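Presented below is the structure to which this report refers.
By written order: A, B, C, D and E. Residues from 1 in each chain.
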Amino acid sequence: MDNGIRIQGLTKSFPSPRKHEAAHRVLNGLDLTIEDNEFVCVLGPSGCGKSTLLNTLSGLDRDYDGEIRFGGRPMTRAGKPPVRMGYLFQDPRLLPWLSAERNVDFALENSDVPRHRWADIKDHYFQLTGLQAFRRHHPHELSGGMAQRLSLVRALAIEPDVLFMDEPFSGLDELTARRLRVDLLDIWRRTGKTIVFITHNSYEATFLADRVVVLSQGRIRREIPVTVPRPRDYDDPALFAVSKEVAATFIAAAEEAERARARLSEKH
Amino acid sequence: EDTPIRLGDMAQSLNGVASQVMIDQEFDHKYGVDVTHKAYPTLDGLFNAIRGKQVDLGFGGWTSFAQFRSQGFPVFNIFAVGRGATLDVLVPVDSDIQSLADLKGKRVVSYAGAAGTATVLLRVVLSDFYGFDPAEGGDLQYAGPGLIPTLMKNGDVDAGLLFDPIGAKALASGEFRSIGNLAEIYKEKTGDDFLWIALATNDDFAAENPEAVSGFIKGWVEAVAYVKQHPEVFEDYGKKLGLDEDGIKLLADRVIRDYATTWNQEYIDGLMSFADRARKVMDKGYLEDVPDDAFSTDYTP
Amino acid sequence: MIAALLAWLGLSFLFPETVLPGPWRTIQVLAENFANGDILSHLTATLGRVLGGLVLAMAIGIPVGVLMGVNRLAEKTLDVWVMVALTVPSLCYAIFAFIWIGLNETAAIVAIGLTSAPSIAINLWEGVKNIDTRLFQMARVFNASRWVIIRRVLFPQVLPYIMASLRFGLGIVWKITVLVELLGRPDGVGFELFYWYQLGNMQQVLAWTLLFTLVMLFIELVILQNLERRMFSWRPEVRI
Amino acid sequence: MIAALLAWLGLSFLFPETVLPGPWRTIQVLAENFANGDILSHLTATLGRVLGGLVLAMAIGIPVGVLMGVNRLAEKTLDVWVMVALTVPSLCYAIFAFIWIGLNETAAIVAIGLTSAPSIAINLWEGVKNIDTRLFQMARVFNASRWVIIRRVLFPQVLPYIMASLRFGLGIVWKITVLVELLGRPDGVGFELFYWYQLGNMQQVLAWTLLFTLVMLFIELVILQNLERRMFSWRPEVRI
Amino acid sequence: MDNGIRIQGLTKSFPSPRKHEAAHRVLNGLDLTIEDNEFVCVLGPSGCGKSTLLNTLSGLDRDYDGEIRFGGRPMTRAGKPPVRMGYLFQDPRLLPWLSAERNVDFALENSDVPRHRWADIKDHYFQLTGLQAFRRHHPHELSGGMAQRLSLVRALAIEPDVLFMDEPFSGLDELTARRLRVDLLDIWRRTGKTIVFITHNSYEATFLADRVVVLSQGRIRREIPVTVPRPRDYDDPALFAVSKEVAATFIAAAEEAERARARLSEKH
């Protein structure tokens, strides 16, 4: 089945907390096409609407203008989204009354993964994330990075077709993050998911993505394809060159956004 | 100057008719007292007021006052008010129950609660003269008086013990008939007058105002006599209840028959023998010892 | 609102007029009572007791509940007390208040307040146990005194429990007011209600019930809902 | 526990024996009642009504409250109903239950349940409004059906409100049971309480109150607290 | 006043969620001395006890063994900590019912900062973090990075003597993070605070710190002084060299910790 994503004219506003003031338009006619099985990384300044984009793509927020299609199947105003999706939120969003393992079970119970495979899957991902010894801990007994990793286990365990990841490695040390990046690419290669991955790290984006997308002022500012062949080497100067371009694009976009904001403040 | 007296009563009670006459005709001032009438919605509210000295004189079951006295509350009976002539056991007109004897094994509901004088009378009459106590078999239920006609109509209960005005209203409606007037049956079988409602006061008030208490009773007796001669005083009351002319006449008849006008040691002795009967049917703790000072004839005219 | 009226109308056809009078008849009776005049004094008497009782119940229930939530020792000692206080029948509170304080308004309000306080304490107690402890830590680090923490961090978090307590507390207090009025007060809506009940006059019973229902709806729709809207405007809406 | 006993002892010296008998005398009376035998039947009758009423009240109150919390339309329509239901005096419920269903246990339980349900609904309603909506979103994305969300995400979050409702609901239900027993049942703890109250026998009033207090303490200390300990063991402790 | 921190034999355990199992010892006799006005960065693998360390230093968690002193004044079991401190938590910990500005006011109200300076201070820090336009937003209306920045405003506004920062820039884009780092150093230079800063980014640590401390298995594995003179240049190769050493130390420590954990798992 085709799990590509086609976004057309996506516009999203939040009402202002102050009455009688214009709504805050976060996404502004955003167009983006993501191929089936593509790995796309999204960069953009803090507060530019990256999480908002994932919320609309995942069907959490359906109060937007524009169109979203998954392999041709449209996202409707109500009802289930047309693909099986996994979402790693920016905050861990674990159920505090369940142990780490039961949090993963919660996701599995609502997935298509047959029950006889659960034990293996959980073992595998807990091992991968170094959480084996913490399966019976509750979320408040985990460190920040551990909660983030548990959230990763949950998103992967259900074997989704489309995976949304909102800064999944931001709270992890570089060693762990590197290893998890390699593991993620491995999983992606084996299972053929479509992945939308948000990050602030341009090198991480370049290492992972088929294409890096820079978001700013509610639109895609630029799309940078990463043509370096896979498997990629972390110290490959070619990757470094692309990542420099990504960083430069990002900085240009961010500065432009800042000037726009400054103009706006002045007007008030 | 006339001594002020606060008179406590149940809000809907028929004593109120005579009390009102007493005030309207100024029989109170005639005997040196100034009566204000205070109505309480429930017996318990009224008893609280009497025990709490919110009122100086009050109406209620003599058994309750005797019981309170035995528990150490300084209240006592000073006059007879209602003999129980309006306490009827009613059944729907088309019921096949003809007399109290047929009540055995039937569901009977009393308006008066488990400790009420009327309930005790029902149990005494049935067990002493008909050979069964409805409370024993669990056939005796309790429900508010307003509910009883409906419960009988619905067939939830087979018979109901009611008092006036609701009893008269039920009879006047033609939907119910009486299978026995408890006080009459009691008098027939024992020769004693029954006493349902008495007038009571508290020790302090009586000690401080003996004249006023006597004065009140004199005024009360005159008021009752006036009511007997002027049944039209029931008009207003009956209309408020939604009774027609016949209904009002029925009510007046029954209530006038109910008013007692004598109070003496003989009457009290009769009550004591009722207490003996009551003790046998009731649980331990009921009228276990009736102190002598639960009654006084000192204020009788 | 209209649905409620219609339901009543429908039900009233099932019963004879004397058992369940229809809304129209009831409103007529209520209007007549108004015309007769003393409705207002009964209503203000009852409202005074209800509000007085509610204030007392909240004034006892909230601190006790909060204390039990934040302090282990207090929880252990007060737990039994609160359950005892919850179990003692309103009848007993009423009797002792009337004996101790006398048959007056103060006694009525004390009886009403004491009967309702345990329910409110229990709700708050449970509420405190459910709050976000990380915010407490934040406040502690930022040097907030115990009192500031209670007022600015704990209180806003238990506010939903307080609102709930206010609402159902109103209901409990009103129920107990009816009981207290029938045991020891010579006026009030509960008094009238019981008076007419004893007389078997359901039209009046419903008229007085209707009167108080309208008052409570006013409190809910005009006062409480506005209060709540203002207090919780920050809260994102729950949708499943 | 001991403090409560001592307080009672102290108070009892302030009043004459007939008004407030001391604990010792009360326990004696209670023991005598036990010896006489029919205490158990009254107790089981009342417990049956209390538990039946509580189950009914929770069965109505929880779904209604949750529905009002998660659905705007339901909130708008049910709000008025709940406030009306909260205001209708227990007396009215009792009258109509007895008229409609008859003078029997079912009617008593229905009257008790209906009177208590609104308080519980209100508490749950407020509870639902207070939950963490981000967890809902998480569950929705992970494909949880509405039913699963309610059961696995909403329910655990409103559990503290349910526990509180269970606790104070027990208190309300018991209070109303007393009233209902005195309006239309020929047995039960409330019936006995009122019977002895009407006879002015405070020793018996307190003995029956004590009996039920002990039962409630048992429910609280042995059942509810263990239940709660198990359910909320994951929760970090609140300390200020 | 001397605001140096002296930690001796700090040991902290958490009881296991499984009964009858040994407690989990997170800090294990940790010794560390931080000079008055020093800027110390702490690195360590996820779950190694960095946040736990800050919780004990800040007096939030007083259930530990060992001794903590601030300029000679000991942290006691109860009572206020002996210095004015600011803490930027790993999660934002904002009061959800208060607007962004009121959240900062909350901290100010309990601080020594005189009221007449509040407006200036708030303007300054809101400007610095780019949150001027969001002062009246509530936390749930902020993006993840914005919440983190608000948390930074709060920690700085109260002008503490000792500042604890737990991964303050992890959710921010590199442009914003760089600017904030410079601003932070500027504030530090002007006000003379003692700062303990947790990060996973070895370059960030090197750029900021007087000394980088690597934590692992409940102890300080190594302390690496950064002698590069200030003001430092982001692209200074000398910094890059130190950061490489930091990274290498960190990796060694992390791998050692992992081996220890593997041994432990095997034993079970």
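Throughout what follows, a contact is a pair of C-beta atoms (placed from the backbone, for glycine too) under 8 Å apart; a residue touches a chain by one contact, two chains touch by 3 or more.
Since we're looking at a predicted model, the values are computed, not measured.
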Minimum number of chain-to-chain touching steps separating subunit A from subunit B: 2
Most extensive contact between chains (C-beta pair count): C-D
Farthest chain (mean CA position) relative to subunit E: B
Centroid distance [mean C-alpha coordinates] between subunit E and subunit D, Å: 49
Interchain centroid distance [CA atoms averaged], subunit C/subunit D, Å: 15
Mean-CA-position distance for subunit C and subunit B (Å): 37
Residues of subunit D touching at least two other chains: 95, 99, 194, 197, 202, 235-236
Sequence positions of subunit E contacting 2 or more other chains: 91, 99, 138
Interface hub residues of subunit B, defined as touching at least two other chains: 44, 144, 146-147, 150
Subunit D-facing residues of subunit C, complex: 1, 3-4, 15, 19-20, 69-70, 77, 79-81, 83-84, 86-92, 95-96, 99, 115, 118-120, 122-123, 125-131, 133, 136, 146, 149-150, 154, 160-161, 163-164, 167-168, 170-172, 174-176, 178-179, 190, 193-194, 197, 202, 205-206, 209, 212-213, 216-217, 220-221, 225, 232, 235-240
Touching residues (chain side subunit A, partner subunit E) in the complex: 14, 17-18, 43-47, 50-52, 90-91, 99, 130, 132-133, 136-138, 141-146, 149, 166-167, 170-177, 200-202, 247, 250-251, 254-255, 258, 261, 264-265
Interfacial residue positions of subunit B with respect to subunit D in the complex: 43-44, 47, 51, 64, 67-68, 71-73, 107, 109, 113-116, 135, 138, 140-144, 146-147, 150-151, 154, 156-157, 284-286
Residues of subunit C touching subunit B in the complex: 18-19, 95, 98-99, 102-103, 181-186, 191-192, 194-195, 197-202
Partner subunit E, residues of subunit C touching it in the complex: 134-135, 137-145, 148, 152-153, 156, 234-236
